[in-house]
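So that you can tell them apart, the chains are marked A, B, C, D, E and F in the order they are listed, and the count of residues begins at 1 in each.
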Amino acid sequence: MFYTDGKLQFPVRVERPNPVFAKALQQAIGGVEGEIRVAMQYMFQAFGARGPAKYRDMLLNTATEELGHIEMLATAVALNLEKAPLSIQEDISADTAAGAVLNGMDMRHVLSAGLAAMPVDANGVPFDMSHIYASGNLAADMYSNVCAESTGRALAVRLYNMTDDTGMKEMLAFMIARDTMHQQQWLAALEDMGGDEMNLPIPNSFPQEKENQTYSYAYFGHMVDGSIPEGRWTAGPSMDGKGEFTAMRSEPMGGKPSLAPARPDGGAQVAQTSKSGTTGLLGSIEGAIERNI
Amino acid sequence: MFYTDGKLQFPVRVERPNPVFAKALQQAIGGVEGEIRVAMQYMFQAFGARGPAKYRDMLLNTATEELGHIEMLATAVALNLEKAPLSIQEDISADTAAGAVLNGMDMRHVLSAGLAAMPVDANGVPFDMSHIYASGNLAADMYSNVCAESTGRALAVRLYNMTDDTGMKEMLAFMIARDTMHQQQWLAALEDMGGDEMNLPIPNSFPQEKENQTYSYAYFGHMVDGSIPEGRWTAGPSMDGKGEFTAMRSEPMGGKPSLAPARPDGGAQVAQTSKSGTTGLLGSIEGAIERNI
Amino acid sequence: MFYTDGKLQFPVRVERPNPVFAKALQQAIGGVEGEIRVAMQYMFQAFGARGPAKYRDMLLNTATEELGHIEMLATAVALNLEKAPLSIQEDISADTAAGAVLNGMDMRHVLSAGLAAMPVDANGVPFDMSHIYASGNLAADMYSNVCAESTGRALAVRLYNMTDDTGMKEMLAFMIARDTMHQQQWLAALEDMGGDEMNLPIPNSFPQEKENQTYSYAYFGHMVDGSIPEGRWTAGPSMDGKGEFTAMRSEPMGGKPSLAPARPDGGAQVAQTSKSGTTGLLGSIEGAIERNI
Amino acid sequence: MFYTDGKLQFPVRVERPNPVFAKALQQAIGGVEGEIRVAMQYMFQAFGARGPAKYRDMLLNTATEELGHIEMLATAVALNLEKAPLSIQEDISADTAAGAVLNGMDMRHVLSAGLAAMPVDANGVPFDMSHIYASGNLAADMYSNVCAESTGRALAVRLYNMTDDTGMKEMLAFMIARDTMHQQQWLAALEDMGGDEMNLPIPNSFPQEKENQTYSYAYFGHMVDGSIPEGRWTAGPSMDGKGEFTAMRSEPMGGKPSLAPARPDGGAQVAQTSKSGTTGLLGSIEGAIERNI
Amino acid sequence: MFYTDGKLQFPVRVERPNPVFAKALQQAIGGVEGEIRVAMQYMFQAFGARGPAKYRDMLLNTATEELGHIEMLATAVALNLEKAPLSIQEDISADTAAGAVLNGMDMRHVLSAGLAAMPVDANGVPFDMSHIYASGNLAADMYSNVCAESTGRALAVRLYNMTDDTGMKEMLAFMIARDTMHQQQWLAALEDMGGDEMNLPIPNSFPQEKENQTYSYAYFGHMVDGSIPEGRWTAGPSMDGKGEFTAMRSEPMGGKPSLAPARPDGGAQVAQTSKSGTTGLLGSIEGAIERNI
Amino acid sequence: MFYTDGKLQFPVRVERPNPVFAKALQQAIGGVEGEIRVAMQYMFQAFGARGPAKYRDMLLNTATEELGHIEMLATAVALNLEKAPLSIQEDISADTAAGAVLNGMDMRHVLSAGLAAMPVDANGVPFDMSHIYASGNLAADMYSNVCAESTGRALAVRLYNMTDDTGMKEMLAFMIARDTMHQQQWLAALEDMGGDEMNLPIPNSFPQEKENQTYSYAYFGHMVDGSIPEGRWTAGPSMDGKGEFTAMRSEPMGGKPSLAPARPDGGAQVAQTSKSGTTGLLGSIEGAIERNI
């Protein structure tokens, strides 16, 4: 169950409202790198967490923090929109060194939201919940979270670099710091669960004897000339300490796939009802139609 | 540019076709944990890779391998569908210890695909490309890839455990091994790029002096009773060796957000055009309408 | 900013786990009638609320409550899945009066979530945030909220009627009561803002003189025989007290639309570059190609 | 069954084509507040209407009217695009007080549609049919329709205020009037069905004795300081006349959720297979692997 | 503008309601092969048609017909649902030779629609309007329409074969006939516009001299062994009579792509800021950070 | 299985990077007319192809070619972005005859991708795999492919006309030629399968005697005045040589649909539980509630 105090985790201040930057900020709300994603992802990971309770609790805390980040960014968007043009005339007459504002802002900020934030990305594409990764495997989830906070911090850094508004830079400097911590936090959770050697390969509950171990630590080259890009992944001990990296050219072990001909009552063409198209087309039509009746 | 030989990387054999398992296999084709995702993700990461060429090449090889995994799984789906019922009568008359097949299979395998694979997940939801994470930051992408291969291997393991078909188990045992390697490979690439200390926080090109460093290594508790779940993330050196974990109760640093009243020509209600609803409602209506004319 | 105590607003108890009912419950989590929708909708309405602060506060409280409803339902789904079959063999051997469980449950509860809730509907379609209606107009939003709570309560009632599990019925009886209150609450907010006469038509800030008032209170019949279904909407005073309902047969006031021919460098066919297809086709090709070079 | 005369319900005239306004108009075609939504929503409500035939007929008429509104708006978009730039050179050389047109218009109007309307919103996001609310409950549907016409009229008002084209203002003044009527119409239908007291709570076919009536008319506060925003919703008779509003602080009635540990063959990590992470990790690995073999 | 008479184009009769078949029928309503698609596609093609008016009129007629097909199918779905189980108990106690009905039907037919049709496909995925192909090029659109009617007829045939209900078979036999006609109609329109030789390549308004004509009629082989599948497409005159088919092995004409290194303020890793990873990593970090400050 | 050489099928050269054109190019990558679509469509058609192997092989070759087209376009996007502004200041100070670049470019090229291509269209909408048409009917698929290559070539032509960069024009001239060939190729495949007379109606495996042949070659007019647009589709032999076109006014053969009243435990309103709303409302409420208890 949740509570609120209606206050902001960190002050949100906009010195010069900029509707184009409001559009950019949307990416941090409704983009796949954004705050709805992490809030909901950590929440569903917590709600479904099986195993030691501390991981559930840790996830729930941070999910709750991220809800407040949505709040901060939504406030930042609304404040950046406060002087947005509502009409084409107003737009043209404004002093716009950077060109028409309506051209660059998200028109739906006027048309659909009345100058407020929406749960969409910088292109107006609504966030969809298929991006909530909660796999039931805690280690996989932790890596998903590191990924989310890495792309999230990259986004926040890009927004920081994009704006020249001191208030916005302060808010983003706070958020970048939180992303730093959250990257650390999920990596720390992996260590808490035993580190790479214990956790890998994920899931570690599947006995590796059952996998086809010939190919468990082999880098496959698919270059037609057989060349292979060398790196840490082509030689030396594997990262989990359980094997040795090798590199090999990939060769087909299977033949060409061979599917049965189409069944005549399956809505295919008659030409598909035999595996050879060169003979008997008429015959197969008749056969097909007969069989169908 | 790409080439093919039309053969399968590993043999695909189905002993007893099972249309319900065909539906489960769809998750490995068009699910977010599936092969279209990794093929396209590694491909877009390669196509946009800036920096040392070896990472581009490494990514491109594995993207190319994953295309062949889509092929294997699509073949497996088609083979599992070869005896699927095409009519309700056929369905009922079959010997179905597990109940009606049409109830459990994806009917669109008959209706839309003529007994072949579709680029959709186990619920028939089409894959969408917003799941292609290619951030322009190689380390973030590597973590995204570890996540993809971890959820991918968890999925393959669950499919392996679900089926009792030897052919399918062999194919999946191969795929599980490849997922093992690919988890290793992306972690190896991170080490190749300098390891945690060098790479973190991601992006490492942003000077940490600019972030609000008071909060860079602090775990925030949002429990109303002030309790905090302890773990590796609340004390000790941070994972990047650049700080020390602390834990603190989260407190609001900002006040309640305060947005300007609605503008009368912005499509809001008149009641929204002042910040207090208790007085002057009629006045504000008149004002609003006047201003509007 | 938000807080939690990790406890459930109301106890969630499952007597006999039923994976098929877990699938049905998903509709109340990730369906358009579900809890993610209302939590996020009220939250975005609050974050963007312009005008008297009390509406923002009221919305924020209820948004916060709804987050706890997601938590209750996610817990209910996880508990209903605790004995779900993980393999086809396990499935068939179970005592399944209702047929195979895998046929009726959401296989992704096994494959993707490891026996936990997902932010998807009963068909596995992920919730998408385009359903967050936050229009910047408080009255429109209140009606959207009444709608959400009406479809939400209809859904909860249908789930209540569907299950025979006492624990689930108790949880749903609580949720149905909350939906009752929330329907009342949004209607009360409309009255608080002045009631129908003051609020309508929405937005009430647009001077009705500017609309084409001939058609503001007329029901249009589009039946070819001119018949019109009579009801409260065809006669009597309008609901806002500002007009009188009438009914009339709809007649075209405009002619057939007439667009300019296609421009030759616009990627159309040459046949589209004149408004008459009967003459001069060759001429228009030559003209088009000339103009293009 | 449907018929047409190919004529426009109201004349569509564009004085000065404006491709940027064409983009804005798309919101009224393919946005969630737009005409495809209402046409299809009323149609599906009609097609599935159970109960007195007059509601079905009323819905069908208005669905049919709304089809003509799509036609009007699509024509308006095409006319606004008639002088749109087809090349970057053409764009730059034009007299563009408001900046480059290609920057502000929807490029897909050139690239994908050849200067015609598309079933997408102002950001080019295609309309999706999950927004067709047809719940099988007529009262819920009526509220959904009031919501649709309220956001629809807000949108039309915003478009009216945005443009300076007399032709467009006339078309929109007609549409705004129709939205006025349609708001009235759905409210009138609710009165026709018995009004608030008869209809509420929706669905009214569920006996209120079965809901947890302690909480049916209570506003829940979730503020950590226990404060509650007062209004019509915290005191006085409820809107349905069946209860009395109260307000109370929300307190958890349930404890912390407790899920079973992960099953070893379910693709989780071994660390998740017990509820305590502090002891027996190695033991539980062995146990898990044994059980799995 | 549109009209209706509320009657069905063809009688819809269901002898034995079957909720599982109701689910299958959904594909013909909200699937990509379904009636919403063709109705809306022909409508948008008509609304945006530039060139001779007869094509616009022809399209509009058929769009209007297809609206009636949605109506017929929606009625068929509702009738098939009339005895659907509303509870788990009701489901189990029914005489279900084919297993539990709830397992195989779309539960949202109960939960979301109250036993009526929804604008979704057989998997409950809502139709989205990105499938409305209206390209502004009439010939491209005609081919899109042939495709829609071909997959549509294949679907109708599969539904016909699936059901054993005489009423349903009669309705589908009518729809299959209409699909036959519509396939013919779009091909006839292509002939009306001049046939293959006149129309191809589409768009025919682009002078073929401007394309790279060396590759205009060459089939490219991408098999690693150089083999090429022979057919009508590898030799003989081209279908437009403007060239001669040839076949050749595809060879790269371009080199490896070479992108600039990442810019240090662009949110990438430092390792990406040079094109070689082997030297100067520390130097490039310093340079990057300096430049950034 | 697939291979690569990392080289481009055709050289990609950008003379003057233009981030706005980069946005336009996205349509050719992730638009429905784009290269991901054709690559994946031909691939899934190949993977599921039943019948003569040559069609599978032909499809697989071209699928493989199209993968290289994604690569070319992704490279073109990255090169066009190389001088894109990363900040608002940088943007304003640039020499922008066409106005601010950030206004017209896809901001997510900076924010999400670090100056690289994304699998999205020109509006930033991600490609979704529901556009992969692979119906299991080869003739339907061939028409879908002709459609894809027709809209694809129209798009490439529009991009060619839009740009003034010689490098880009050369790349597009190559791609336009390939689209020419691919249109030919799919039409050739249809001829290879027997041509129109043999293939039509699609699917040709359904005996036409079973369809309602009265309506198989009749154009239906839905104009209220009975007028019918004449053309090749209203008279003369049908395109498949199996019938004669006629034209007729469409008349309803069915009556008004009549659904059963709502069931009281189905979540509808009480008013819906009888088919007449005029009498017995109170009675039906009582009845409904009784039956429900």
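In the analysis below, contacts are C-beta pairs under 8 Å (C-beta built on N, C-alpha and C of every residue); 3 or more make two chains touch, one makes a residue touch a chain.
For each chain, UniProt lists the protein as follows: A, B, C, D, E, F = Catalase.
Only a predicted model underlies this, so the values are computations on that prediction, with no experimental measurement involved.
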{"item": "Common touching chains of chain F and chain B", "value": "A, C, D, E"}
{"item": "Any chain that touches chain D and chain C", "value": "A, B, E, F"}
{"item": "Counterpart interface for B-F, drawn from C-D, A-C or D-F and sharing over half of its contact pairs", "value": "A-C"}
{"item": "Gap in Å, rounded to a whole number, between the CA centres of chain F and chain C", "value": "26"}
{"item": "Averaged-CA centre spacing for the pair chain E and chain C, given as whole angstrom", "value": "25"}
{"item": "Chain E-chain F separation of Cα centroids, rounded to whole Å", "value": "5"}
{"item": "Residue numbers of chain B (touch at least two other chains)", "value": "1-9, 32-33, 47-48, 50, 53-55, 57, 60-61, 64-65, 68, 71, 75, 78, 86-87, 99-100, 103-104, 110, 112, 114-116, 120, 123-126, 128, 130, 135-137, 139, 151, 154-155, 157-158, 161, 192, 202-203, 205-206, 222-224, 250, 252, 256-257, 259-260, 262, 265-268"}
{"item": "Interface residues, chain F side, partner chain B - complex", "value": "1-9, 30, 36, 40, 43-44, 47-48, 50, 56-57, 60-61, 64-65, 67-68, 70-71, 74-75, 78, 112-120, 126-130, 132, 134-137"}
{"item": "Residues of chain A that touch chain E when the two form their complex", "value": "154-155, 157-158, 161, 224, 265-268"}
{"item": "Parts of chain E lying in touch with chain B, wherever the complex brings them together", "value": "18, 20-21, 23-24, 27, 31-33, 97-100, 103-104, 121-125, 151, 154-155, 158-159, 161-164, 222-225, 250, 252, 256-257, 259-262, 264-278, 281, 285, 288-289, 292-293"}
{"item": "Contact footprint of chain A on chain B as seen in their complex", "value": "3, 5-12, 32-33, 53-55, 57-58, 60-62, 64-65, 68, 71-72, 75, 78-79, 82, 86-87, 110, 114-116, 125, 128, 130-131, 133, 135-137, 139-140, 143-144, 146-147, 149-151, 153-154, 157, 160, 170, 173-174, 176-181, 183-185, 187-189, 191-192, 196, 200-203, 205-206, 208, 210-224, 228-233, 238-240, 243, 245, 250, 252-257, 259-260, 262-263, 265-268"}
{"item": "Residues on chain F engaged by chain A in the complex (per definition of touch)", "value": "1-6, 47-55, 86-89, 91-92, 96, 99-100, 102-104, 106-108, 110-112, 114, 120, 123-126, 135-139, 192-194, 198-199, 202-207"}
